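Remarks on the structure that follows.
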Amino acid sequence: MELFGLFNYWVFALLLMVGFYAVISRPNLIKKLLGLSIFQAAVFLLYITMDKVEGGTAPIIQKGVDDAIYSNPLPQVLILTAIVVGISTLALGLALVVRIYEAYGTIEEDEIQQQDLNR
Amino acid sequence: MITIVFGVFLLTLLLIVAIAIVREQDLFTAVTLMGIFSLLMAANFFVLDAADVALTEAAVGAGISTVLLLGALALTPGRERSIPKGRWLALVVVTLTTLVVVHATFGNPRLGDPGAPVHQHVAPWYLEQTPELIGIPNVVTAVLGSFRAYDTLGEVIVVLTAGIGVLFLLGLPGAVGERRREELALGRTYLSHHLVPQVVGRLLIPFILLFALYVQFHGEYGPGGGFQAGAIFASAIILYALIEGEREALTVISPRLLVWMMAGGALLYGGVGVVTMLLGGNFLDYSVLAEDPVKGQQWGIIVIELGVGITVAGVLLAIYHAFAARGR
Amino acid sequence: MSLATQLPALQVAVPLLTAPLLVLLRGPGLAWAAACAASVMAFVIAISLTASVMTTGAISYAMGGWPGPYGIVLEIDALGTLVLLLVTGASTAALLSGRASLGLDIDAGRQHLFYAAWLIVLAGLSGIAITGDAFNVFVFMEISSLATYILIAAGPDRRALTATFKYLIMGTIGATFYLIGVGLVYMMTGTLNFADMESRIADVSDQRPILVAAGFISVGLALKAAVFPLHLWLPGAYTYAPHVVTAFLAACSTKVAIYVLLRFDFFLFQDNLVGHTMQFAVFLVPLAILGILVGSAVAMVESNLKRLLAFSSVAQIGYILLGASFANEAGLTAAVAHMFNHALAKGALFLAVAAIAMRVNGLRLQDIAGIGRRMPLTTAALAVAGASLVGVPGTAGFVSKWLLLQAAFAQGALGIAAVVVVIASSLAAVFYVWRIVECAYFGNAQAPGDAAAVVTEAPLPMLLGLWLVVIANVYFGLAPELPVSLAESAAADLLRHVP
Amino acid sequence: MSPADTILLALVLPLCGAVLIGLCGRWPNLRETITLLTATALAAVVWSLTPLIMDGGRPRLHITELFGGLEIAFSVEPLGMLFAALAATLWIVNSVYSIGYMRGNKEKHQTRFYICFAIAIAAALGVAFADNMLTLFLCYEILTLSTYPLVSHKGDAATVRSARVYLGILLGSSIGLLLPAIIWTYVATGTLTFTPGGIIDGFIDGPAVGLLLALYVFGVGKAAVMPMHRWLPAAMVAPTPVSALLHAVAVVKAGVFTVTKVIIYIFGVDELFAEPSGEWLLYAAAFTIIAASVIALRQQNLKRMLAYSTIGQLSYVILAAAVLTPLSEVGAAIHIVAHALGKITLFFAAGAIYTASKKTELHQLAGIGARMPWTMAAFTIAALSMIGVPPTGGFVSKWFILAGAFQTDNYVAIFTIILSTVLNAAYFLPIIFAAWFAKEAPGGKDHGEAPWPAVLALSITALGTLAFFFFNQPVLELESQLMARIE
């Protein structure tokens, strides 16, 4: 039970590194962006894990209920912002990938480097 | 107890899907898996009592980002080249870092521990003061819209920046009048010749739009708010574009209007800040907007949420159109 | 409530809200003028904030009227104003002088979007400099980063796209690392406000998550600041960005990340982590020294002008870090003063490069051979700015190099090693700056009478802006009171948080 | 006008001259007139300070404070007065000469030449009047940078290469060694102001003094103590007026002047005398004198030979300063003047020979005395002064240095001076002999004297060399103030 309480954090660590691995090891640019998304999603999990209170509920105040336990609203707000940042980065990254494909004819990093070297 | 077991199940699934995404060489499959990943993540958030975040993750992660990824894939090769061997260094680095992070987690407070520092400081104040100071039930909206409104303004600007960037890189979807004839000649008007999606879609779109409006204006009372509403609204229009063709979608909301939405929402938000300043308060201090500070707060939140919704919808649609227009 | 008390909010709000207006504008001229107006206004606000910080001390401003730690509070101190001056000054100088150069790189139909992104970068960087909230830093970091990617991707070469993508990946990783670190600190303290964190972090009994947080935050910000060996994104980004953008970013963007790093380290970690001063020295000094040596060495052999200067930046970041890692008043003063002075020197150099690039094809050394005769004013500016980079007395660069060496001498044996490294790198700087200057004055143009014959002096606004910055280099070399006194009080501020 | 204003005027005047020269670049006659007028006015201004200094006045001019009590400030003391007066006076003569030389050789970019020259003079005066080491360093670097365009004047590949050596050594040594030395001094003592009796006493002692001295001496590359001497032969690619005024007087003298000043006002003669770790300087100077003379012996090119001769003569000053007796310090100061007069004459002569006949090598000079009697007469007088034969200025300074050396029984110094005198004679006398008595090689160009401004200039300085033997009293008086302070 005690260790189950940390399971979320372990999954966070593993997801983080799965994403990170994809970013640094895959030459495909879209794959890198997918990895980056997983990487960011892991952080969402870290924050949201913090907000949970045993026996709590979403922080929407119910009138007339005095002894309700609510989860922490702050990490939720932060992660709402972080999700927006994530999608914005993804959109910009994809636009870049499209332009790179138009300019180079490939989206594999090593082939792009090869083309730049040969020029 | 059951939630914890369910949580463990979901998280394990999440991990498996993530590894599958990295291993999958067909990018279309990977993107589909990414959608599933986001849905699982949203379910997780729901289990963890974060309704607003769950709604957002579902709308954005599973919805919009999948659409964008597919839009990009339509313009680029759909398969990853098989990778050469020798990525060991990456694997070693990653493993070591994981071990460090896992090692650190043993100092973390346990899941759901009410004694954790985060539940002792700041957050209780929000939960106690929101009914008095803001007078709305959804504390997340109160924090987002008022206590940390400056962050949220930043968030809107981030979205706007993404819009500006995509338009800058890929170009605005221009006037479409000319293109119509070519499209017809090629017989490419998207899904309009598929009966089932067309009928189901047409039935669904009004409800999606209605739901968007509900999420927009009910954000003070239940989960939701400008960001989710904007994303849902954009999904409805994108669905419309898929069914009826992009031209139809662009006649409903013209490119010029899209740009106005992008900028207008942000300006509306910022305008509230400027007005509060002119009325003698600090930037984004809504209390000065009405006689009663609590009313002022509510008005402020409603207006800025609207600003968020408009910008998000405008930007997401503009990005979608930019990708779609690039294809031709 | 008077206008003066609203200045902190206006500092960010003016460029931030002008940006959406620019999206709506048609016509590049109008967009440029509006961007300039906003940037000048931001600069003026920064100057008046500096004046009031210097006279009355730090300013705080509660966003939305909510007090910290519940709302977001802006905290403006000496260090923050110095960074503000850099950011707004660099933006203003680059915008005012860069219109013609940008017009060559970006087609008219997209320029209003470009200028909007520019203002967003400006707002983002200023926002980081004045906020007192750890998460707000992340938001503004992402604002400035995303907009920076747009600015860099506007470069005319296709390699600008790949450089931007690389920067996007590394920048996002850096920002996410920072976010993880902030999350872990939040987990242990329950707050996001810097001042509040500082007072609560001391009570945290289990330091393991805080240690890991310190690691994540340092690595993340080091990525953003291009600290060796995490600088890999920088040369490409600086080289292929539009020239005026390079001048803007090189002057201030990495410094903002260093600023956050300094704040975090001295406000939170120095005091509260066991043996942290030692860790700071153990991890950062080798990196700083390696960065100085490697950056200088690569700059000595590099033949592309912008790449050369980019690697020189890697070395200069090492200087700043080296000064900071002494963790005493002299060292911090030197580091902060060097942030200011290096921005002046590098900004002027890249502006000169932008002016040259308007008239010459290509920016390899052989391409600029002999421009000293065709563009005497630009080349002279390049030479003076180069002297400032080297640290010739009478220029701004000399002041901070002096302070750095002085701080190093006071450090004993380790300090002597640092002196040797700094001197060696200064000599390398003499070498690579001299290569440029000598080539510009005495190099033989490859095709005489052909390309060189049509080369004329850069347009007047460009020259004016360039010389303004160059004169600032000399002015602050002879009358360094402003940066040095700001740096001194910044150092005192930072150290007040260390027992 | 207060003395402080006079100092300011002396520093600003050449700079104003530079601006005016730049503005009048299109009208060569006007430009040259301005140069001459500026030089004359400057000399008058500088000389007007001498009575005050003779009376023991020490005027001071504060410009600005940088940080931590460091300031840009100027003040005048005997040594600086001497150097400033020397540079300002010889600038007039050199300007006359330049007009003849530059026009006679139809050099390009003459406006740039005169501008940089004026800036270099301003920087040299700044070095002379500097009140502290920081100000001196600032002016020192400006001097280096402003002379670079003069050295690389021709602009062809070989010249640029030589100029690179010039700048590389001077800038490299000053940043790499001198700057750390200055900062070390500042960190240890908290001040950089030149103070009679030195400032390091009680702060730095033991072997560290020797190390610091090494940083200073080798850091001041302009003093050309071996192995920092290579820039001087390299600088000979410059037009001759540059070699004459800058590389025989202003720049190189700025070097030895700095070293002398550091010894007297930073270390303090007494402090250094008591500290054995500083003794190496004597040997380094002695080695440089002998080695440079031997190398000069083997040179075939006239200007290069003169350059090595300069290296040796500069180390005389260093040697004299390192003997560390009051008499020798005065000898050092006098030698700065004596060598300046002699060496500028030699360079003028070399330039005049080049202008008239395009001859640059020693073996070409046979019989040239018949064609250019004025020039060669001046050359002869100056060469005798280099060797130290009475009745020339060189004799006076050697006398004082030797007297100082005998005071402390410093046999190394005595032996070095005697040996080097022999060597000097060995490389100068054959030239003089050949010029007057040998037969000219057949087939040479038919030529007479160089343009009259050049001849006039070298005659004046040659006469000055002779005159200095008889009328050295004012200099002695001025510099014995130095002696008084030391004792």
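So that you can tell them apart, the chains are marked A, B, C and D in the order they are listed, and the count of residues begins at 1 in each.
The definition used in the following text is that a residue touches a chain if its C-beta (ideal position, glycine included) is under 8 Å from a C-beta of that chain, and two chains touch if they have at least 3 such contacts.
The structure presented is a predicted model; accordingly, all values stated were derived computationally and were not measured.
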Starting at chain A, fewest touch steps before arriving at chain D: 2
Chain nearest the overall Cα centroid: C
Chain pair that, of all pairs, has the most C-beta pairs in contact: A-B
Chain whose average C-alpha position is farthest from chain C's own: D
Chain A-chain C separation of Cα centroids, rounded to whole Å: 28
Chain centre separation (chain B, chain C; CA means) in Å: 32
Mean-CA-position distance for chain D and chain B (Å): 75
Length of the line joining the C-alpha centres of chain A and chain B, rounded to whole Å: 13
Residues of chain B engaged with two or more neighbouring chains: 101, 105-106, 108-109, 116, 118-119, 122-123, 126, 148, 151, 154-155, 158, 161-162, 165, 169
Multi-chain contact sites of chain D, meaning residues that touch two or more partners: none
Touching two or more other chains - residue numbers and ranges from chain A: 16, 20, 50, 74-75, 78, 81, 85, 88-89, 92, 96-97, 99
Graph class of chain-chain contacts, one of line, ring, star, complete, other: other
Interchain pairs in contact, sorted by label: A-B, A-C, B-C, C-D
In the complex, chain B residues that touch chain A: 4, 7-8, 11-12, 14-15, 18-19, 21-22, 27, 30-31, 34, 37-38, 41, 44-45, 48-53, 56-57, 60-61, 64-65, 68-69, 71-73, 75-77, 80-81, 83, 87, 90-91, 93-95, 97-98, 101-102, 105-106, 108-114, 116, 118-119, 122-123, 126-127, 130-131, 137-140, 142-144, 148, 151-152, 154-155, 158-159, 161-162, 165-166, 169-170, 221-223, 227, 312, 319, 322-323, 326
For the chain C and chain D complex, residues of the former touching the latter: 387, 390-394, 399, 402-403, 405-406, 409-410, 419, 423, 426-427, 430-431, 434, 438, 442, 478-481, 484
Contacting residues of chain D [partner chain C, same complex]: 64-68, 72, 134, 137-138, 141-142, 145, 152, 155, 160, 164, 167-168, 171-172, 175-176, 179-180, 183-184, 186-187
In the complex with chain C, residue positions of chain A that touch it: 16, 20, 23, 29, 32, 36, 39-40, 43, 46-47, 50, 74-75, 78, 81-82, 85, 88-89, 92-93, 96-97, 99-100, 103-104, 112, 116
Chain B-touching residues of chain C, taken from the complex the two chains share: 1, 6, 9, 13, 16-17, 19-21, 23-24, 61-66, 69-72, 110, 113-114, 116-117, 120, 123, 127, 135-136, 139-140, 142-143, 146-147, 149-150, 153-154, 184, 186-192, 200, 204, 206-209, 211-212, 215
